[in-house]
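Heads up, the next two complexes both have chain A, just with different partners, chain B and then chain C.
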Partner chain A sequence: MNTQATLMASLPYIVLAGGLLVVMLGICIRRTHFVAWSLTMVTLIATLASHLLGYEALGEGITVTMLIHIDGVSYLFNALFVLAAICTAVIAYQYVDEKLRFREEFYLLLLAATFGSLTLPAATHFVSLLLGLEIVSISLYAMVAYPEKVRGPLEAGLKYMILSVASTSSILFGMALIYAASGSMEFAQLTPVSGSAEGDVFYLLGHVFFWSGIAFKLSLVPFHIWTPDVYQGAPSIVTGFIATVSKGGVFVVVMRYVMESDVFSSEAIAQAIFLIAAISMIVGNLLALQQRNLKRLLAYSSIAHMGYLIIALFLVATQPSIGFETAIVYLAGYFVMTLAAFGVITVISQGSDSELASIDDIQGLLWRRPIPAATLVVSALSLAGIPLTMGFIAKFYLFAAGIEGEMWTLVGLLVLGSAIGIFYYLRIIFAMTAKPEGELDSVERGSWTGISAVAVLGVATLALGIYPTPLVDFVQTLVRVSGF
Partner chain B sequence: MMDATGGIPLEHVIWFAITLFLIGVVGILIRRNVIFILLSLELMMNAAAVVFIAAGAFHDQADGQVMFMFILALAAAEVAVALGLVVQLSRRFKTLDIDAASEMTG
Partner chain C sequence: MNVALLIGLLLTAGLVAWSSERFHKSLPNWVALVSFLIATIWIVFVWLNGPSEGGTYADQSYEWIPRFGISLTLRVDGLSLMLIGLTTLLGAVAVVSSWTETQTRQGFFQFNILWVMAGVVGVFSAFDLFLFFFFWEVMLIPMYFLIAIWGHEDKAYASMKFFLFTQISGLLMLVAIVALVWVHYDIHGIITFDYDTLLETELDSSVARLLMLGFFIAFITKLPSVPVHTWLPDAHTQAPTAGSVILAGILLKTGAYGLIRFVITLFPEASQEFWVYGMGLGVISILYGGYMAYSQSDFKRLVAYSSIAHMGFVLVGVYSFNELGIQGAIVTMIAHGFSTAALFMMAGALQERLHTREMSKMGGLWVRAPRMGAVTMFFVIASVGMPGLGNFIGEFLVLLGAFQKNVLLTVLAALGIVVAAVYGLSLMQRSFQGTPNPDVPEMKDFAFREMSVMVVLMVGLVWVGIYPQHVLGMTDAILPLLGVVP
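Up next is the complex of A and B:
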């Protein structure tokens, strides 16, 4: 193994870990919110830039020990996660400054969670899967429960922590049984010793436990009960991070798992996942119909979106390059519009004691706070999959992928789910455009950092929807380089 | 899987671990005291650890034991954060009953 190439390829991890330590030491020396925030931003941007340096050394992909395999696809996901972390940090600054008593450590947790999420796309072994997953989760327990003056976060944090640890135990137990049956923990060598998967009770049982835990982390029905409560109780900016980076990371590692271990060749496992995806699409959309709280509504819609994404998971098993391409484009779109939505809630809640997240709170918002409201309109249209937004391109990709893989039932449910979805997304837009009675003060308040970050996300949603060619070309090149 | 791990067949260890795991699940479902819920979670993790150790011995590899070390570290980290939340809960509500903090529904 070429040591220098290995070091160069793992540069993003080294930079991020180093930056994490610098921020930590900085906090020890002197507590200044702005300095901690700036160091965090520098670290994240340096991490993003180091992908360009490392890319030179990458080639077709480099295997670092047996635990991780770094290639173009993992770099793409890394860049996506780091970009999401940058958006989170920019929007969070004002929130942290205003609402939190211990400000600086928030960024440490953010960096740690990002580090964990970077491990996931490269994981090829149960140990790296577990470590990545848990670095993200444990940082998130603390981030969810961080604000100490209000009641919601503590409840959300406790619920999230208990259920998340239970699901991690389930994943662990599944891994243990699979290991007992196959004698290896590397994804590529998980075939049961006895030969066929169907004949091995413990192998199948292991997968039952494993996928239950994974379905929990992705909030798929019937393991979704935690989602609305955690989404509602956690600070919006943290919710945005959970919805994007945490779920995206889990999904990516599962994709690699499916690709390398070829579990879907076992009919029973594939059918179970198929069922979970189908129920998630329907139930997520139906439950979202009744919600009057924006964050709960987004929680249920995320259940449906993760259900849609399972189509890409099935495709990865048979045609990895198309599967990965679909997943990256879909997740990129989902990240932009979800971060925009939660960013808007954070921005409009500035200066008020509680978060303004109910439908009544955003009544006539377009006339009071034009920029955040316009972003939320774009984001809602995009989540609904209306053409000329990124969400449409993402859904179109999934649709094409579903047809490619001949998954007619799932494609049908995708269309049906999107049709139901339009109803509740449009309700958000109608609420915001309703002209309020009485005096109007259409003055933008609050910090310009938050507002401009949110506006950038909104513009990106539109721009990528109108002209997606550069993104698609870029993704295709990197997927091809990785040699699938 | 007839071979012995110190005389005990692997299947027996696995069924024992599944029992442990299910005891943990039931504990989470019926207990309302946070400390007992944390104990149940610990039980579930250790059930997995037992299988890893036994499977490692069965396959004659060190991997299972390495995984056990990771599980120990993981459990410690999780309990550290969890107890922080428990302290918050008891300060604010003067109770360890998990339902006291629960008000979100729908």
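Up next is the complex of A and C:
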């Protein structure tokens, strides 16, 4: 193995880890919010840039020990996660400045979580899967509960931690059982020694535990109960990070797992996942109908979205290139619109004691705060999958994938789910267009960094929806280069 | 003709109108009016110049998303040109009709009107199925805003219902489109959404039937036909005047256009087999729409239900599968665009003056506003099907065509004309005739602004009614594609 190439390919990890240390040392030397934030931004941007440098050395992909396999696709996801982290950091600045007592460590946790998420797309082994997963999760416990004097985040953090640890144990136990059946922990060699998956109790039972844990992390029904509470309790900007990077990371590693271990060749497992996807689409959408709090609403809608995404997971098993392409485009779209939605909640809540996330709080928002409100309109339309937005391109990909894989039931449910989704997304928009009571006061308050960041996300949602060709071509090229 | 430029003009005008609000309150109105007039004049010139050798007025194609073989293919033939002309003309009418009605956020209002119209022009000229679906949805969102923001008392319910019906049926169409593309891909190995290429897809009859249904449901929802018509009375009644004019005048026509352009040409055999259902639904819509119209006490709702009946004639005409029927359907589309736009404008004018749409609170208005009375009389008679006006030609041709296909259904459809006379005259009787209602306050008659628009619409109806050859001539190009030899 070429050492130099390996080092170059791992450059993003090295840069990010180095930056993390710098930020930590910086905080030790002198606590300055702005400096810590700037160092974080520099680190994240440098990490993003290092992907360009490392890409030269990548070729078809480089295997670093048996744990990690870095290729174009993992780079693509890395870039996505780092971009999400950058958005989070930019929008979070004002919030951290205003609401938190110990400001600097927030960024440390953000960087650590990002580092964990970068491990996931490249993981090819149970150990690296678990490592990445836990680095993300543990950083997130702290981030959720970060405003330590406030009841909501604290409760959410505790809930998230206990349940998440339980799910990790379930994954671990599952891994142990699968190991017992197959004698390996590498994704590619997980076929049961006995030959047939159906008769192997250890193998099947192991997957029951493994997938339960994974379904928890992805908040799929029936392991979704934590989602609305944590979404609501956590600071909006952290919720946005959980909804995007944490879930995206888990989904990516599961995709690689499905592709390499060929687990869906077992009929029973495939059917169980199919059922989970179907129920998630329906239940997520139906429960979202009842919500009057934006964050809870987005929590339930995220359950449905993850259900939709399982269509791509099924396609990964049979046609990896299309499956990965679909998943990347869908996640990219989902990231942009979700971050925009939570970013808007963060931005409009500035200067008020509690978060303005109920549907009553956003009455007439379009006339009071035009820029964040317009972004939220775009984001809601995008989540509903209406053309002109990235969400439509993403959904279109799923349609194409579902029809390509002849998953008619899931496509039908996707249509049904999208139809139900329109109800609650439109309710958000309708509330914002309502005539405000009293005098009009359409002055933008709050920080321009936050407002411009959400505006950029809104514009990106539209731009990618109208002309997705560059993104689509880029993704397709990278997926091909990575040899899927 | 450069359709992309026309769409671009409307989109840009929308943005300009929105931002011009800050300079003067009525500036957005002028921006919108002028752009619609420019567009209309442009189309008249294109029409006078005649088509190119291929029979088209415009043919453009640009790459868009090559990964899926999606391109921006815009083409305008006779049918499209006529409908685009109607669109821009009614755009101007809509702007004038709501000149004083909306007092708040003029800029955003005109922005939405211009963008709906841009979407509609796109729908009428898209020859790439993805692009068609794209425009189909683009016209939906601004329309939703028009109802949701400037609508009347029950706007939340109405706008939601409108959006849901259109969106769900649209998604079915999207699945059908993608499935059609994938069937084509399986056979020929090329992913493309190009209309011409997909025309040559060989489909099993069972697959064709399913895919046809996906399109059919989307289009009859928009048309609308029983049983998916229930969004229409609500949306129409609650929408602001300009919204109703656009909805009835233009948006309903996109459904009819879709049936003619896509359902019949892409799935000829499956559609032929389906004729009895298509025609049957049309007849039911005619009778049900007429019956419901008669039982309304709300001026606007009555006109809304009468639209369902008129669109029933279009459905009957299209599914007769002969020259007369299809030409009749197209003439009905145009004539209905004129007559219903005028009636909705009248409803809006009455509501602005009397603050009610209830006919029980009207009565004897002719005395107070003779010009309004005369205008209403004209359009009611047109809508009833008086010979010499456009609607008569359309419905007469439809019945002639349908008679060759099935006598019983034709007889039932013809009954619809009798019903139309009943509800039309009852509308007139209850609002403008009879004893003057003492509770009605003094009301202003139509002034120059309103009369000028009404005169334009009247001229249009008389023109189509006396010399329909202009409209019929424009349909020559499409008829062979429908398997109908002229």
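Points worth noting:
By definition in this document, the second predicted complex is superposed on the first by the 484 of 484 C-alpha atoms of A that agree within 3 Å, B and C clash if a C-alpha of one lies under 4 Å from a C-alpha of the other, contacts with A are read in each partner's own complex, and residues count from 1 in each chain.
Everything below uses one rule, namely that contacts are C-beta pairs under 8 Å (C-beta built on N, C-alpha and C of every residue); 3 or more make two chains touch, one makes a residue touch a chain.
What you see is a predicted model, and the numbers here were worked out from it, not measured in a lab.
Contacts of A:202 after superposition: chain B is touched, whereas chain C is not reached.
Once the two complexes are overlaid on the shared chain, A:419 sits against chain C while remaining clear of chain B.
When the two complexes are overlaid on their common chain A, residue A:386 makes contact with chain C while staying clear of chain B.
With both complexes superposed, B is the one of chain B and chain C in contact with more chain A residues. In the superposed model, A:138 lies in contact with chain B only, and not with chain C.
Contact with neither chain B nor chain C is seen for A:64 once the two complexes are overlaid on the shared chain. With both structures placed on the common chain, the touch criterion links A:399 to chain C but leaves chain B unconnected.
With both structures placed on the common chain, the touch criterion links A:473 to chain C but leaves chain B unconnected.
Contacts of chain A with chain B, set against its contacts with chain C after fitting on chain A, share not one residue. Note for the complex: chain B touches chain A at residues 1, 10, 14, 17-18, 21, 24-25, 28, 34, 37, 41, 44-45, 47-49, 51-52, 54-56, 58-59, 61, 63-64, 66-67, 70-71, 74, 77-78, 81-82, 84-85, 88-89, 92, 98, 101-104, 106.
Across the interface of their complex, chain A is touched by residues 63-68, 104-105, 133-134, 137-138, 140-141, 144-145, 148-149, 156, 159-160, 163-164, 167-168, 171-172, 174-175, 178-179, 182 of chain C. Interface of chain A with chain C (complex): residues 367, 381, 386-388, 392, 396, 399-400, 403-404, 411, 415, 418-419, 422-423, 426-427, 429-430, 433, 435, 467-469, 472-473, 476. If you check the complex, the residues on chain A that touch chain B are 126-127, 130-131, 134, 138, 141-142, 145, 148, 151-152, 154-159, 161-162, 165-166, 168-170, 172-173, 175-177, 179-180, 183-185, 202, 205, 228-229, 232-233, 290-291, 296.
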